[in-house]
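The structures come next, written out as structure tokens.
Two complexes are shown next, each including chain A; its partner changes from chain B in the first to chain C in the second.
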Partner chain A sequence: MRTFALALVLVVAATMVIGIAGLPPHGDPDGPVHTHVGARYLEQGVAETGLRNLVTAVLLVYRGFDTFLEVVVIFTALVAVLALPSATRQPPPPRGEGAAASRREADDAVPVSPVVFLVVRLLAPFIAVFALASLYRGHVTPGGGFQSAAIIGAMMIALGLVFGREHAARLVPHGAKAWLQALGPLVFAAVAFVGWRLTGAFLGFPADEAAYALREAMVVVLEVAIAVGGAVILAQLFMALDAPS
Partner chain B sequence: MIGGVLLEIVAVGLVVVGVAFLLAGTIGLVRFPDVYTRAHAASKCDSAGAGSVLLGLALHDGFAFGDLKLVLLAILVVVSGPTTAHALARAAMRSGRRAWTRDERGPA
Partner chain C sequence: MTLLGLDLDYVACIVLFCVGLYMLVAKSNLIKKVLGLNVMETAVFAFIVTSGMIDGGQEPIVVAGSAPPYTSPIPHAMVLTGIVVAVSVTAVALALIAQIHAHYGTIEVDELKELP
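Let's look at the complex of A and B:
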């Protein structure tokens, strides 16, 4: 068995090494990555889209439909999780009611480790600033709505672990919760229709220089919606999975 | 010039030490018998391993203002890594995991 495992590892490793050796050199201008649509994006991207960050240009303009559906996919994942019975139903009182109740009390009674409490409290403001910087700078440098969503969501989960789920739930206003969860798809659809009115194409962005402010506003609104909606969905997913079943 | 060479030696030395810790930590993660010893090994990867590699990279090619980011990253992993190990070990303790001992060959 050991010999077989070793042989398997060697075969897989050799295959990977041979495969990596066959890749074009990093940054090779003749590599497949740079000879198909990539070259077009780099040469025409700024002129065609008017966006300075080509990643944003690819994400929102060249592959806008793909990004729209990604946002819908995240939302659908949340809907699917919330549709599971255990996510919303209160746990049924099991037999030996007292035993279960005391167990849950014991769970709640476990004090949060002072070390974790301190470190999460210490880091949370930095995480929040990082998320905002990532969102804000996403225009011109790597970053943007999805990254920011992941960072804010992780911060909310960490705070939820330390302060308890009830406190974390207060980060999302109860009345606005459903709207915030659907923020990504809703705003994406709204921006898409605005683009339709302006350019005649669904999800179109006005690319001319005169429409600079309008275009930037559309992108900012989209990115903020992706960040906030995504963060709320991530945190909600975690809370739902965390719920006693 | 000599200063530059010395700095380079320190930088490469830090990276080598960091990689050694990462390797040892990874082997420990796979080979150690229970959650406590594994958490111990894994936290070496974060604090000593990634910390030294980041500091070494910051010193590599001289210290520039942008290298402060690497120092900040090193501080972050040095703070967050042990916290994670602590939380894991505490959770294991709370849920009744017994530590491995030579006599008992406890829960693996």
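Let's look at the complex of A and C:
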């Protein structure tokens, strides 16, 4: 297996080296990535979308369908994980040495160190503020909905690791859990239909100057939905996989 | 910076990709295979983002005080999509591995092959 893997890696590496030898020079301002549609987005993006962060402009306006389906993909992943029977509730049958070893490890679970406990507890509010800042300042600094979702999700996972998942599960209100998990796709669909009513194009954004505030509101709603929905989905994915001790 | 006429940034991505590919193929532990897949994905994301860079460029955020050249925003947006798909694939793979562990008591491929 090792020999086969090494041979495969060498063949793939050789193919890719030949590939990059034919690429335009790295960082060249005349490269195709800077001269075709990318150049147009840089010139017209602010005027056409009203968004100063052009990554957000590409993500939500120019490639909005892509982002819509991306939100649906991660929601589908959560559905798939939750649809599996809870594997971790029944103990694995004794079979093979690996099984015995992994069960021993589970029995010897180390209690959380007080240092880790204190640091996570101390840092959690600051992490939450950082996530909100990344969302709120996302139009003028690097950041936005997905980044914010990753930060909040990581914070919830850290809290779940330290305090136990029953504790962390309380961060998501029980009654609203199903709605929050589906927040991304639902809000995206709603905004897409609003855009359809206004512009005649599914997920269209009104382009004229008069509708500036409305366009801004649509983008903000999308970003908040991505951040909250994404964070809840990330935390739920982790909770669903977490083995109870 | 170049090495034998090849750009070092791209070479680094290829090395990372090959490390991931080796893990994916050579390791028999399913968790390590998923880790290898993630290393490969990281290499691809790094490659795509790197390809959008420009010499002396700034991040593509048009505010007071920023000036061209800007790096291309398209690779960034594409990689953001890719990361979400990578997270989804990893989550579903780990959930399936947990199922395998619950049913067969092992996640080593060579042990799984010997099961009746």
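Annotations for the structure displayed:
Assume the second predicted complex is superposed on the first by the 190 of 245 C-alpha atoms of A that agree within 3 Å, B and C clash if a C-alpha of one lies under 4 Å from a C-alpha of the other, contacts with A are read in each partner's own complex, and residues count from 1 in each chain.
We take it that a contact is a pair of C-beta atoms (placed from the backbone, for glycine too) under 8 Å apart; a residue touches a chain by one contact, two chains touch by 3 or more.
Everything numeric in this text was worked out from a predicted model, so none of it was measured.
When the two structures are aligned on the shared chain, A:44 is found in touch with neither chain B nor chain C.
Of the two partner chains, chain C is the only one touched by A:16; chain B is not.
Of the two partner chains placed around the shared chain by superposition, chain C is the only one that A:25 touches, whereas chain B remains out of contact.
By the touch criterion defined above, A:81 reaches chain C but does not reach chain B.
Set side by side, chain B and chain C differ in how many residues of chain A they touch, and the one touching more is C. Of the two partner chains placed by superposition, only chain B is touched by A:116; chain C is not. In the superposition on chain A, none of the residues of chain A is touched both by chain B in one structure and by chain C in the other.
Chain A makes touch with chain C in their complex at residues 1-2, 4-6, 8-9, 12-13, 16-17, 20-21, 23, 25-29, 31, 33-34, 37-38, 41-42, 45-46, 52-55, 57-59, 63, 66-67, 70-71, 73-74, 76-78, 80-81, 84-85, 87-88, 90, 92-96, 98-99, 102, 140-142, 146, 234, 237, 240-241, 243. The residues of chain C lying in touch with chain A in their complex are 5-7, 9-11, 14, 17-18, 21-22, 25-26, 28, 50-55, 57, 59-63, 68-70, 72-77, 80-81, 83-85, 87-89, 91-92, 94-96, 98-99, 101-108, 111, 115. Partner chain B is touched in their complex by these residues of chain A: 110, 113, 115-116, 119, 122-123. Residue ranges of chain B in contact with chain A, taken from their complex: 76, 79-80, 83, 86-87, 90, 94.
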